[in-house]
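These notes concern the structure reproduced below.
Order of writing sets the chain letters: A, B, C and D. Residues in each chain are counted from 1.
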């Protein structure tokens, strides 16, 4: 077990309501730097809601989420270190792959000068740089999302079902990227049912069902 | 009085505008729809009012302004709808350095995609109908000064109703009362021009409303987006 | 100061205050209504110009005032909830909207009833009435937005943005309608203005205004109570209230 | 006495307008009160039903 780094992300007793339906309550866990958290749970158990709360898009109806002790709502540092990838990966269908990636890089404006060509090469989509995003298969779309992870520097990755349409090579690529990310003391929270090939030392699991039951 | 938050770092704001223009270019076939809709609505009025040339000429300012207002209102829903569907709205809210700045650029892109072609069409139509020179110039000046409010306030409504079922009708209910001052001063300016009484005061009001909308609306749009996505 | 403010802003505490105060407020408002009605309908002399129809002023002016006051409450509560995320304010804003809408409708109806003898028609594009009509549209827009969004908290936040945008626009709408109505309104139509008031006419107006205001707060308290129960339905204090309600 | 009363209701010929204004006001204010109180009762009933269902669910 690696030396326990200081707690980076601390989720304290949060509750999630959708309308009047309780999704989960009294959910607490903490993540130290250099960890991948695999979020398991049945459909509707709140995996996506949890990730949206961690991203700051949604606010928990109770409890708090702290980044290095500071509530994420007030922490600009947290948001500058974050990438959130929802189930719909967030690229415009009427723009080409390269235009989408250049746009994502530009609006984040995190000073990275990485080249989209190299990122596309790494995810094996070089030939598709000029293709409209709308014409890609869902597997290729998730690969473009992986290219964004390579391009936009971020210490925190929030990935919602990033593997669903990826083939075996794609899955291995993501696992390789995740390993590289946590080895440079990054944090990743990944909602997926598929087993992640991450060495146990770096892997932490959070089962949404077991938590709400107790 | 340049609002710092609005001047997002140059590359980001340029990238947002570039993206909107690219998307506009990619569906340039649809660019003709607002002007066509405008002509269609404008053509309806004579059928309703009757062929009396004098009456139609007197009502020309109202016809043009109401047609522009309706055509703009109908196009507002598209500002955020496709972004919300493909998830890029979430990326914009999370990643944009200055969300109000991005919303201001979204409103600018909408103005270029709908009101601008409408003003061109209005100019064309008013020359076809050979309105007097000063009426035509009053019409174009008032449209240019007033329609930014349509886009800016419309973007707030579009943000508040993104992803809502029956959003277009709700959007119209939310923003039409806010469009009425522009309609009053816009059509008023043209009407005064036809009666050749002193215009000018209306232009100042229209310009004032546009400047107020330009500085405040983006912040309301940003808050609206965060509220809708929460 | 913030600490005490926070204590009062807690939903549980406000619910208790609202429950305690609504009945006395209602009784006080009823008493003031009685005094105002006697003063306004019986004691006050008829207006030399408008005759007895001026007595409609005693319901029109207070409801017109409350139609504006309720929107200010909505926008103030909305802005507070947007800036400091105070849950109570969401409940107050949502509770104030239907009240504001009904007072606006009342102001419109009594205004048109008051104007009918003078104008000969039920509706004239008088600046004040037109502004009230647009204010009613703002309320209806707010309430439509609330019902279109399922999640109560997200609806309240979106409504807060709309209320703040609305309150910025109200003076603009009012001024442009004034400018517009002076253009086309022939001088003959006397504007809907309150006539010069003798004190015996003025006192009932103040009594009625106070009665309306207290009634507004009482109604607001009652509505806020049910909003708070819905917002905080999982909280222990709500379960306690439900338990008491069930045992009664 | 009755002529004074009749005169009072006539309101100098404006009786229709004055009394309909006041009637409308009374209707609206009392209506608001009744609706508000009835809504509170409905909310209490709904929530306690939902809470008791919740209670059985937790107990089961």
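We adopt the following convention: a contact is a pair of C-beta atoms (placed from the backbone, for glycine too) under 8 Å apart; a residue touches a chain by one contact, two chains touch by 3 or more.
Just so it is clear, the structure is predicted and the values come from calculations on it, not from any experiment.
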| item | value |
| --- | --- |
| Chains in simultaneous contact with subunit B and subunit D | C |
| Comparison of C-D and A-C (more C-beta pairs in contact) | C-D |
| Relative to subunit C, chain with the most remote C-alpha centre | A |
| CA centroid of subunit A to CA centroid of subunit C, Å | 47 |
| Centroid distance [mean C-alpha coordinates] between subunit D and subunit A, Å | 53 |
| Euclidean distance of C-alpha centroids - subunit C vs subunit D, Å | 16 |
| Distance from the mean Cα position of subunit C to that of subunit B, given in whole angstrom | 32 |
| Subunit B: positions in contact with at least two other chains | 226, 230 |
| Per-residue overlap in subunit C, given as positions that touch at least 2 other chains | 153, 230, 233 |
| Contacts with 2+ other chains: residues of subunit A | 20, 59 |
| Contact graph of the chains (line, ring, star, complete, other) | other |
| All chain pairs that touch each other | A-B, A-C, B-C, C-D |
| Interface residues, subunit B side, partner subunit C - complex | 153, 156, 160-161, 164-167, 170, 173-174, 176-178, 180-181, 184-185, 188, 205, 209, 212, 216-217, 220, 223-224, 226-228, 230 |
| Contact set on subunit A toward subunit B in their complex | 55-59, 79, 82-84, 86-95, 99, 102-104, 106-109, 132, 152 |
| Subunit A residues touching subunit C - in the complex, by the definition given at the top | 15, 17-20, 22, 25, 59, 61 |
| Residues of subunit C touching subunit B in the complex | 82, 134, 137-138, 140-141, 144-145, 148-149, 153-154, 157-158, 160-162, 164-166, 168-169, 172-173, 175-177, 179-180, 183 |
| Complex interface listing, subunit D residues touching subunit C | 8, 11-15, 17-18, 20-22, 24-25, 28-29, 31-33, 36-37, 39-40, 43-44, 47-48, 50-52 |
